[in-house]
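After the structure tokens below, expect a handful of questions from me.
Per-chain numbering from 1; labels A, B, C and D assigned in written order.
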């Protein structure tokens, strides 16, 4: 893979980024200085690939399927794709991967998706509606329930920003914030920070304190803080230094389109 | 050294070891998913299974749609990495055509359950669930006090399937099973079970297996039946043998959305197909060519042989 | 893909990562015992170690005799499979020349301690010790109540060494460590530690390691330093590289019986030898020839390569 | 390896067996019909090899070092010998070997040695004398502490038969009989039978009941029941059907000397 440096400063001109491209570029920037990332499928796949080609060529990709140090020759269609295995540094069984690598504290960043995120960064990926007779049955906890307490921090990428996705109260808490763990038992607060960053189509929300709540940190170009707050299901605070989200560079968009996802698997 | 020959055919293995009402695990984490065995369970009309699978996917959909499953024990409900399981959703959301019991854990929760089952332990602890709603809904997720003075810790109970079925790249006739690439929790799920069926791409000479004993994931003592079943993981994959049939997964979504379409698919691809060889023939050589992989072989390692002292 | 280069020399690795008073594990179950690293710890005069090793053997004897060890945490005290460890016995039986603290478990107790340490757990349960005198003498072996209604079960606490040292057949420069043959509890002991030093027979190109990712026992993230150290496991062995020097073990027993003989041996074979290369040279080509093994290689497996869609 | 049948009935004539040979031949006979044996070093090595060449060619050899299905091309000098690895069916890590294979209940027979055996088949392999200042510090529990509760049954081979080795009371209990586990907590009785058979230079003692005690079952040729009882540290009962121990056959001795231990590693 190429790791040639990005001309990171030129403005984006005629290549209007899609939401996916925008989110991927924002997500990739969060990986500066991180060592190991637990990568999911879809947008995180694009983000980690982009990060490795731009800001962090040494980033180690770890997958819950047991793969460490993947060097895929093609774009992975899932966390258990054969291209992640061929040429990887290690493939571990799941007891070692979840027990020693993740719970043992070796993962800096976990990428998570969610149907709902609350103000403390707790996630619902189980059901919309009641558990007993849900309106929508979602995939469930999977590895996220383990990634949340054990990764150094978690980055959540949401494809919606509205009070349904960012509600005042979760329908179900699948992957709890340290705040909820603390509420159950102050001694059971996990080692990880929990959600540090939520990237949405409108904004970047951050949670600087392990037991604190999300704040509006960056607002995407063309949107206002008030619009972001109005689309959030609770009265979300705004960071003192709130600013406009940095736009993707031409080179980032080019890499995504021409080198990373040439078959438009995730770029839609 | 003669060893009992455990090689049989899939109908015999399933008929001998899988029965109505059993707890059955079919494992394989996105890789080596034992689809052929699942189809055979459907063909034999086995019902009321407690079906254990960390990642219920198309395999779970078809077994549930075919009426094999009463209860699902799992940790992530999606087709492939994210697509909805509409047959599961219909049952859970609308009891259509019937309800489905669901017992839910996280991935590591399931792994620990299999580990505890494999090791003859009542439970294993893990650092998840503090603050989660899962323990409130699943009373099998419990806490124990740390006798070393730390905070309480959640535990999950042993899972002991009556039968675990796995698919692997190869085994010898005695039942020493070797796999590579993603190995998931198959060793744990198999050792946790009373009986293990291994379907494999190739039955090989024991010399092949014994040339690399570290590659053996399941020694023969853990395996009851070995079935040679080429292509037995399709539409999932077998590292180095064939790739995932991503087109199949994409084609599944619209089928999954309508129960009638699922039933038609079952009729065409399971009930009217006697075995995996016929399934592959029906799939056709062009489709198979689309999942072929080029070689990329491991470099051999030396295990050494003691020199005879003259 | 550039990765940090972790290759260093043994004196630097030990000087950087091992200090007085630390808890240090040197593991290897009869195979790949990190003798060279132990000798370097002796040469650097490190003291007051809590020395963890399931099977203290000649390695433990020499480190204890050299004054490195205050406390021994172990599960089987014998040279090779059965021979007495006279240096250990002198200290335990007669405090000669000084007492030695001993913290004792069974083998699986030690394995579970490393597993718990590796997995960030406070303890792990095991089905041993009911009726044994061990828990009465070791207050760290405790019981928990089974929240599923079964009988109480014994648990052992996590062991978290400051440093774990292992020897392996090969690693790449980034620290992906591969071993084969008996792999013991090295993965657990290493993941349990804050810092890991891996001495290896060969530092190899990353392509070698990446041709067979299932062979990797320690991924680079678990390893702090890699040291190429041919013959680093002598007088134990490295499967496929050289065999156990059984004559050495037999010669040790009379040495072990007299403390002065042990000290003379230390002077001659450790203090006056700067490194493993010099040790092997002193050992001589004839002795080395006596442990040479003939080739017996694993049959390669195919990991496959996705074909580029035209 | 050869598995030609033994001419099991001819009398032993001019080749007087050593104690080691006698014990190995008696031990090998205990393995009729067993599937998997956890084999130690020394006398058990001879016994399992002899059993595979005579009464049980399919016997699977498992070692606590992680080796399953060994087919050694030479005589092993220990349970971690490279000749046990080359050509084995599997080599597992110790968590799988102790956890899944042994504790999971896959071992029929464990061979154990001991410094002391008591009437219930509890073993001392830790110390002679006091723990705090022992007269003799022995190797300790090792894997025996796990083999005892988890193997289907255990066979102990002793090289001495006297009240020191078979005392009324152990100096220390390293590997407890189910009887002792029962005394601690009746619900903690392990799955395995514990010691079923003790083979000594004088006799074969058996413990037919899981919670019962050892009885004199076979007395070696030339010795009397009274001599055996006098050499035992407690008032050991005698089986109703006590009989003379079957002598090794010429073929067994020939195999031990000419095929199994040609270098006299264990045959002394």
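Following the convention adopted for this analysis, contacts are C-beta pairs under 8 Å (C-beta built on N, C-alpha and C of every residue); 3 or more make two chains touch, one makes a residue touch a chain.
All of these numbers come straight from a predicted model, not from anything done at the bench.
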Where subunit C and subunit D overlap in contact partners, by chain label: B
Chain whose mean Cα position lies farthest from subunit D: A
Centre-of-Cα separation between subunit C and subunit A, whole angstrom: 39
Centroid spacing, where centroids are CA-atom means, of subunit B and subunit C in whole angstrom: 35
Distance from the mean Cα position of subunit B to that of subunit A, given in whole angstrom: 29
Multi-partner residues of subunit B (each touching 2 or more other chains): 115, 120-121, 126-127, 150, 180-181, 183, 187-188, 211, 214, 239, 243, 293, 296, 303-306
Contacts with two or more other chains, residues of subunit D listed in rising order: 67, 82, 85-87, 91, 99, 103, 150, 191
Full enumeration of touching chain pairs: A-B, A-C, B-C, B-D, C-D
Touching residues (chain side subunit C, partner subunit A) in the complex: 1-4, 115, 118-121, 172, 174, 176, 187-188, 191, 206, 209-211, 213-214, 216, 218-222, 303-306, 308-309
Of subunit A, residues touching subunit C in the complex: 1, 3, 35-36, 52, 57-58, 60, 67-69, 71, 73-74, 82-83, 85-92, 96, 99-101, 103-106, 150, 191, 263
Residues of subunit C touching subunit D in the complex: 29-31, 55, 74-78, 80-82, 88-89, 92-93, 104-109, 111, 115, 126-134, 137, 150-152, 180-185, 187-188, 237, 239, 243-244, 246, 293, 296
In the complex, subunit C residues that touch subunit B: 120-127, 142-148, 150, 153, 155, 157, 169, 178, 180-181, 183, 208, 211-212, 214-215, 239-241, 243, 292-307
Subunit A residues touching subunit B - in the complex, by the definition given at the top: 40-42, 64-67, 77-82, 85-87, 91, 93-95, 98-99, 102-103, 122, 126, 131, 133-146, 149-150, 172-185, 187-191
